[in-house]
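Multiple structures are listed underneath, in structure tokens.
The two complexes that follow have chain A in common; it is paired with chain B in the first and with chain C in the second.
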Partner chain A sequence: MSNANINKEDIAALLPKVAETIADALGCDAANVKPDASLINDLGAESIDFLDIVFRLERAFKVKIPRGKIVEEARGSLSESEFENGGVLTPAGEARLKEFLSEVPPDRFKSPMKAAEIPRLFTTETFCKMVIRQQRAAGGSGQPA
Partner chain B sequence: MNAPSIADSGLAGGVALVTGGSRGIGRAIVETLAAAGMEVVFTYRDNAAAASEVVTAANGAKISAEAVDVRDSAACAAFVEKVAGRTGRIDVLVNNAGVIRDNLLAMLSEEDVRTVLETNVAGAFNMCRAVIPQMMSKRRGRIINISSVSGEKGGRGQTNYAASKGAINGLTRSLACELASRNIRVNAVAPGVIDTEMSKAVRELAGDQITARILLKRIGKPGDIAHAVWFLASRYSDYVTGQVLSVDGGFKME
Partner chain C sequence: MDHHFRAFSFVDRITAIEGGRRIRGHYAIPAGIDSFSPSLVGEAIGQIAAWAAMAAVDFTHRPVAGIVGGIDLTSTVRPGQRLELSADLDGVDTSAIAYSGTAQVEGSPVLRLERCVGPMVPVEEFDDPQALRERFALLSAAGAAPGAFGGMCPLIAHRGGGEPGRSVRATLELPATASFFSDHFPRRPVFPGSLLVDQNLQLVAALAAEIPPPDNGGRWVARRLTGLKLRSFIPPGETLEFEARLVERSAGSATVKVETRRGTRLTGTATILLGMEAYP
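And then the complex of A and B:
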């Protein structure tokens, strides 16, 4: 799944509801859930919280989000060995990840970068894009339910 | 500070799912949790007559049944979604569905191995995966897996069954680690020899020797297991997680 045609307006339309959903899951104030906040680094999320967030987003937006597929999606057309080597991203993998997570400020990408650290990059906007992709895959309009 | 009444188990008004609830230990669990005031939805695989008997006998208690093959993960997900969609909550999951296909390993068919592992182990995984998001979003839940004395002690003719119950014990301890921070407790009950249809062949084969090996000198009743499940579901066990509780009358070691 690509980022094709997901623009700032699409993301902005979903932001309030996505931020509220994330705040509910993490038990924090929605005002702190900034569009570019890293859920793990800035909001104290643990990996298990992603499961809860995804589940809540599914209900809030009436979409199905495949579990554990985020990193697979990030890989795009690259094979596993083209994307990473021994758990560390290849240069092609790094380039692909920056393209996929275009909403994440460039200075947050490390090099070398471990594949296991990819979730640290996820921001509120990353989850907006996830919802939009699933809405479009399901033939939806990209508007909040 | 006012202590809550000792008679209040905290279960009334909650919703419990019990797999394999039409007979034996499962039925006793269903009826015990319902008696504590829970709404109980149980699954059965193919014995609709037995399932409908449990529902009919409910006599005012909130008990209903759904045909679900726990080996089918999509069916488990759909079942949980259906109940959660209607009730808005799932407080307790009891993974009780299990089968037994005893034989010496050299005589076991591939099917005997697969059926036992898929029902007893994959079935529990499927149900846990389906209910965890529901419990996580409520920041509360209790999962109780029915294991067996065979999960820890060796027994001739039980390699497949023992492997499945050992797996359940491992699942219980590890899942407890994963979910503790979300206030979801995961425990197991390991029954000894209980008077059910499923254990009939084993009991007949062993004869009187079997009670000689039980300190309390009797075969257990399904209710003995159900009471332990009730304890692990109730607020009385709020500080208990990751445990495998043996309920076996003091089964002696060989």
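And then the complex of A and C:
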């Protein structure tokens, strides 16, 4: 599933509810959940928190989010071996990831980069885009539920 | 003695799995044990949900405790009673399970788990997949012989620190070996989340005894636990630090937040709501 045609207005429409959902899951103030905040590095999220956030977003937006598939989605049309080699992203993989996570400031991408480190890049906007993609896949408008 | 399916297993029989999403069964609390805590009732509900989840993925993965949206602590149970267990799976795949479940005694609910989410982990790291398959077949047919559970070994946390009536702290040194570790889990022992909840509830009870009593003059009792999140596996031999802190008190209710740490790492969080003890 691509990010095609997800614009800033689409993201802005969902942002307050996504930020509130993330804040509830992490037990922090929604004001701290900035659009470009890294959930791991800035908000202290751990893997269990991602699971919590995904289930909360599913309930809040009435969508089904394929858990653990975000890295697979990031790969797009690249095969696994084209995307990564021995757990480290290939140059093509890095380029594809930057395109997929276009909301993430460029200076946060490392090179070389381990595939296991990809979740460190996820921001609040990443989760907004995730919801929009699923809403559109389900035939929805990409607007708040 | 082989403790597998004995020392920390709380489903005697699976009576129905409907569409792979609803599972029912029962567990007879052995009459000879001293007590059976609400946390173990919650564990029994989690275990019956786990059987449905493992069967759904052909025993390649099993769930572990992660998040519980809410636990309604309706009433206590006694040795000798039979728990009627049910769980409804909202979703399960090889990454996670989402479910809610209930335990009843003689038709009356005693404990309900709501909005539980657990990561699914590869079975082979934790247990013998074939042994689990065979156990599931036994539970789904004639059932296991009841009475295998011999009670919990005491886990005594040492209280120290805190502010009277506002917060309490305690330290628990986990044993390096214990029968429950052999069952939870045989290939990778992990301190059960339900026993961590048990420690949380005990600490909150200690704090509740220091909080000015509710307006009816009675005692505070734990009514509901919300927002439980277990952040990491806890291996045997670890030292856990607990802190329970009163965050709100009104005439008839009080809210306590509990944190569990392993070293500097936050391992568990929960909020426990206290209410007035009902007079008979």
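The rule is short, and it goes like this: the second predicted complex is superposed on the first by the 145 of 145 C-alpha atoms of A that agree within 3 Å, B and C clash if a C-alpha of one lies under 4 Å from a C-alpha of the other, contacts with A are read in each partner's own complex, and residues count from 1 in each chain.
Rule of thumb we're sticking to: a contact is a pair of C-beta atoms (placed from the backbone, for glycine too) under 8 Å apart; a residue touches a chain by one contact, two chains touch by 3 or more.
Keep in mind that what you see is a predicted model, and the values were worked out from it rather than measured.
Once the two complexes are overlaid through chain A, chain B and chain C clash, as defined at the top of the document.
By the touch criterion defined above, A:Phe55 lies against chain B and chain C together after alignment on the C-alpha atoms of chain A.
Judged by the touch definition given at the top, the superposed model places A:Gly139 against neither chain B nor chain C.
When the two structures are aligned on the shared chain, A:Pro91 is found in touch with neither chain B nor chain C.
When the shared chain is aligned, no partner comes close enough to touch A:Pro106: not chain B, not chain C.
Contact with both chain B and chain C is seen for A:Glu46 once the two complexes are overlaid on the shared chain. Of 152-160, 224-232 or 242-250, the segment of chain C running into chain B after the two structures are fitted on chain A is 224-232. Taken together, the two structures place residues 46, 48, 51-52, 55 of chain A in contact with chain B in one case and with chain C in the other.
Contacts from chain A toward chain C in the complex involve residues 27, 46-49, 51-52, 55, 67-68. On the chain B side of its complex with chain A, the touching residues are 132-134, 136-137, 178-179, 181-182.
Partner chain B is touched in their complex by these residues of chain A: 25, 46, 48, 51-52, 54-56. Within the complex formed with chain A, the residues of chain C that make contact are 66-67, 93, 95-96, 98, 115, 117, 119, 227, 229-232, 269.
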